[in-house]
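Both complexes shown next keep subunit A, but they swap its partner, so subunit B is in the first and subunit C is in the second.
Showing the complex of A and B:
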């Protein structure tokens, strides 16, 4: 608790000094880490392949933008509504997951992603289709979010809250139910874990996270277009999980940092960035499938294993 | 009536392409138990290599056609050797992600090398359409259908009557038993990927004069996924599936709206997977758990 307050204080001092573009990158990293956290719940913990996350991102962005522009809500209610709406979409998408697994689920979610992107592109009356939607500057009560610096605090709050939520989910019976379903559906069912409920819950959670991320994305970027929410986006989310480490709490964050920061270090054409992303995913999935977080965890465990038992107990009991 | 016949012609043409790509998918799946999510990109590469060889390098059409087929077949074998062999014991999710990433790599490599603009492939056939009994058919369409029929028949003869073909079928059915019988499973894998590359390049070259050649043209493979799912990943059934998907999407495109044309294929995927995941033509008893 004290650590949190201290770090918050440190941030409050540092953040205003950073350049606008740096803050923008930090915002994007946080938004993508939300996406990765959601996908991690469904893929890393519940073991269900989900290629539909790009679409959830898009649904959230559109839902929230429409709430702000067409209905006139302010950003926080819009974000919540977008999250809930996308969670419901997640339930609908999760329905096929109940009967499918492996390749079939991958194809079904892939098809769903494409279909949703089609809807976003062609439903002119609602989404303005290929014109895209502009997102106005919003404010929370009187505080106008006119700059990236101000938006940073909103995003930080939301990301931290969602991180705490995912931490609590993972360490609760829900999280254990997820991993049970992942590791052996039949055994889980035998133990009374209703896999249909847990699978649906996993998808709807990934939907909620995606929806909230989409809402924040619209605020930060100010303009949304259906082309941003297709297959390439789903690949990016996948990349974050593979690089960062599936099935760990910190993995999504590492993944988001790597995914966003790496292209910034490689200056070049957009195609080059996507190529590097693809190559990284491939190399990691073959040689380091546990991701960065997984490697770190292995290092910690190796260190623990080498200690004599007395020291090991002391280490393990540290919070 | 004429409209319906026109739709039929269109469906048979496009269905042939879906069938070709779908058979490539199924060959790999039956042999190696993994779905090649990069199949569409192999098709795209076939089209690009074909254009490069015939336009930039200036080779005669027939030579560049055949050379492209061989090149992509080799690419397929290279992918098998470098990627799939290492993933043989990996969980399914990893193989899916790997082939997906492969597709991304291939697509962006092409964007880097050729640029994101579209190319148009000069047609290598006479371009005046022929009127056949009330419908207008282009020579390209007839060529596509003709080539597909010939290739399919050859393929089925190969699989059913030759030693290597039967080895592939055996390995697809039971890998361990096949290995015990002296079939080199590694060779079967390599051959499946090579055949699949061959078929994809064929589809790409047949498609190139009809569509614009652009890096995203591989997206057509999703229709072949539908075909393969309808066919339950069985070889002849996938071919039928390809034609069914094409017919369905053209019907939807003409009688409903064009915007929903692509959605029809996706809907097919979801519906078939929900109702009868083993494919419309399989009579297996499903594992009910």
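Showing the complex of A and C:
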């Protein structure tokens, strides 16, 4: 708790001194962390292949933007509605997962992703099709989100809350239920874990995370377009998960940092961005399948193992 | 008092009659061995009791209730638990978490309670964790509590499988070849462990086993299957001298 207060204080001092573009990148990193956290729940923990994350992202962005522009809601209720709506979409899209697995599930979720992108593109009366939608400047009470610096605090709050929720779920009987379904469906069921319910729940949670991320994305970028939510997006989220560490709590954050910062570092090679990402994924799958978070955990564990037992106990009991 | 009764249970997979009109009863606290040559339908019987397979015919009564009314995921809450021939531990999870999953059906807390750590969640979680650790301690696995299940040796995984099943606080425990791959000495340890477990947890045990010395020494009663049919039901002494059983095993004419 004290550590959280101190880090908040330090952030409050540092953030105002950073350039607008740096803050923009930080905001985008947090938004993609949320996306990858959602994907991590369904894929990393529950073991269900999902290529529909880009669609959740898009539905959330459109739902939230329309709540703000067409209905006139403020941003926080709009974001909540977007999250609840995409959670319900997750239930529907999770339906094939009850019958399919492996490659077939990948194909089904891929098809759903494409279908939703087509809807966003062609449902002109609602989404304006290829014209896209503008997102007006919004405010929370009197706090107008006119700059990236101001939006930062909203996004930080939402990202932290969603991280805590994902941590709490993973470290509970619900999270163990997800992993049990991943590792042995037959044994999970024998111990009272209803497969269909847990798979649906995992898709629904990833939908909720995707929807909230979409809502924040619309606020930060100020303009949404169907092409921002296609298959490439879904693959990008997957890449973050692979690089960061699938089935680890902090993996999504590491993955988002790597895949957002990397293109900024190689702007000279703009045309090769996809190539660099692709090679990176290949290298990770072959040499570091546990991802960055997995490697860090191993380092900590070996350090613990080398310590004398008395110190080790103290270290493990630290909250 | 009868805890479980199978009444002319049949299971067919396509044209194959895996189990053909099998009936037997189990009294509370009894250890019943279920034996028979390969393909006799032993594991299928366990899968029918845990509702993995639906029988094409017959009835199962458990504690006076029709067991076939329940879904597979509801069986644990009724007090039926099992181990697996192929072990089926949750390989990517910590050992203690495996045991915690065993107790899943007794959880009262829901998703919101877990996600937001509402009051009551922590108490229940801590209580179950303590119980899980004591279960591991009983089976000599407590030093491995935080290891990943996949990093355990074969024998340790078998014990973990048993610890997880016991964690469900079963009244009826189904064991599918618990001694397979064990040395003579390990088999003897396992027999003692299971006899102790029966006393301590007041559990009725149905054990499918190929290791004959184990099943003869452990069981109060033995049911013998061959080609899906029950060919004998009696004490180990009776089974040993049963002509039909000897013929099934030795293939003598």
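Couple of notes before you dig in:
Assume the second predicted complex is superposed on the first by the 311 of 319 C-alpha atoms of A that agree within 3 Å, B and C clash if a C-alpha of one lies under 4 Å from a C-alpha of the other, contacts with A are read in each partner's own complex, and residues count from 1 in each chain.
Assume contacts are C-beta pairs under 8 Å (C-beta built on N, C-alpha and C of every residue); 3 or more make two chains touch, one makes a residue touch a chain.
As the structure is a prediction and not an experimental result, all values here were calculated from the model.
Of the two partner chains placed by superposition, only subunit B is touched by A:285; subunit C is not. Of the two partner chains placed by the overlay, only subunit C lies in contact with A:165; subunit B stays clear of it. Once the two complexes are overlaid on the shared chain, A:262 sits clear of subunit B and of subunit C alike. Contacts of A:173 after superposition on the shared chain: subunit C is touched, whereas subunit B is not. Using the contact criterion defined above for the overlaid structures, shared-chain residue A:186 touches subunit B and also reaches subunit C.
Contact with subunit C, but none with subunit B, is seen for A:247 once the two complexes are overlaid on the shared chain.
Comparing subunit B with subunit C, more residues of subunit A are touched by B.
Shared-chain residue A:156: touches no atom of subunit B or subunit C.
Within subunit A, the residues touched by subunit B in the first complex and by subunit C in the second are 186, 189. Across the interface of their complex, subunit C is touched by residues 165, 168-169, 172-177, 179-180, 182-184, 186-195, 201, 247 of subunit A.
For subunit B in complex with subunit A, the touching residues are 29, 34-35, 37, 83, 86-87, 90, 92-94, 96-98, 100-105, 107-109, 111-112, 116, 219, 222, 225-226, 229, 259, 262-263, 265-267, 269-270, 273-274, 277, 289.
Residue ranges of subunit A in contact with subunit B, taken from their complex: 43, 47, 49, 51, 96, 99-100, 102-104, 106-108, 110-112, 114-115, 118, 122, 185-186, 189, 231-232, 235, 238-239, 242, 269, 271-272, 274-275, 277-279, 281-282, 285-286, 289.
Chain contact summary for the complex, subunit C toward subunit A: residues 50, 52, 71-77, 81-82, 84, 88-93, 97, 100-102, 104-105, 107, 109, 111, 114-117, 121, 125, 128, 164, 168.
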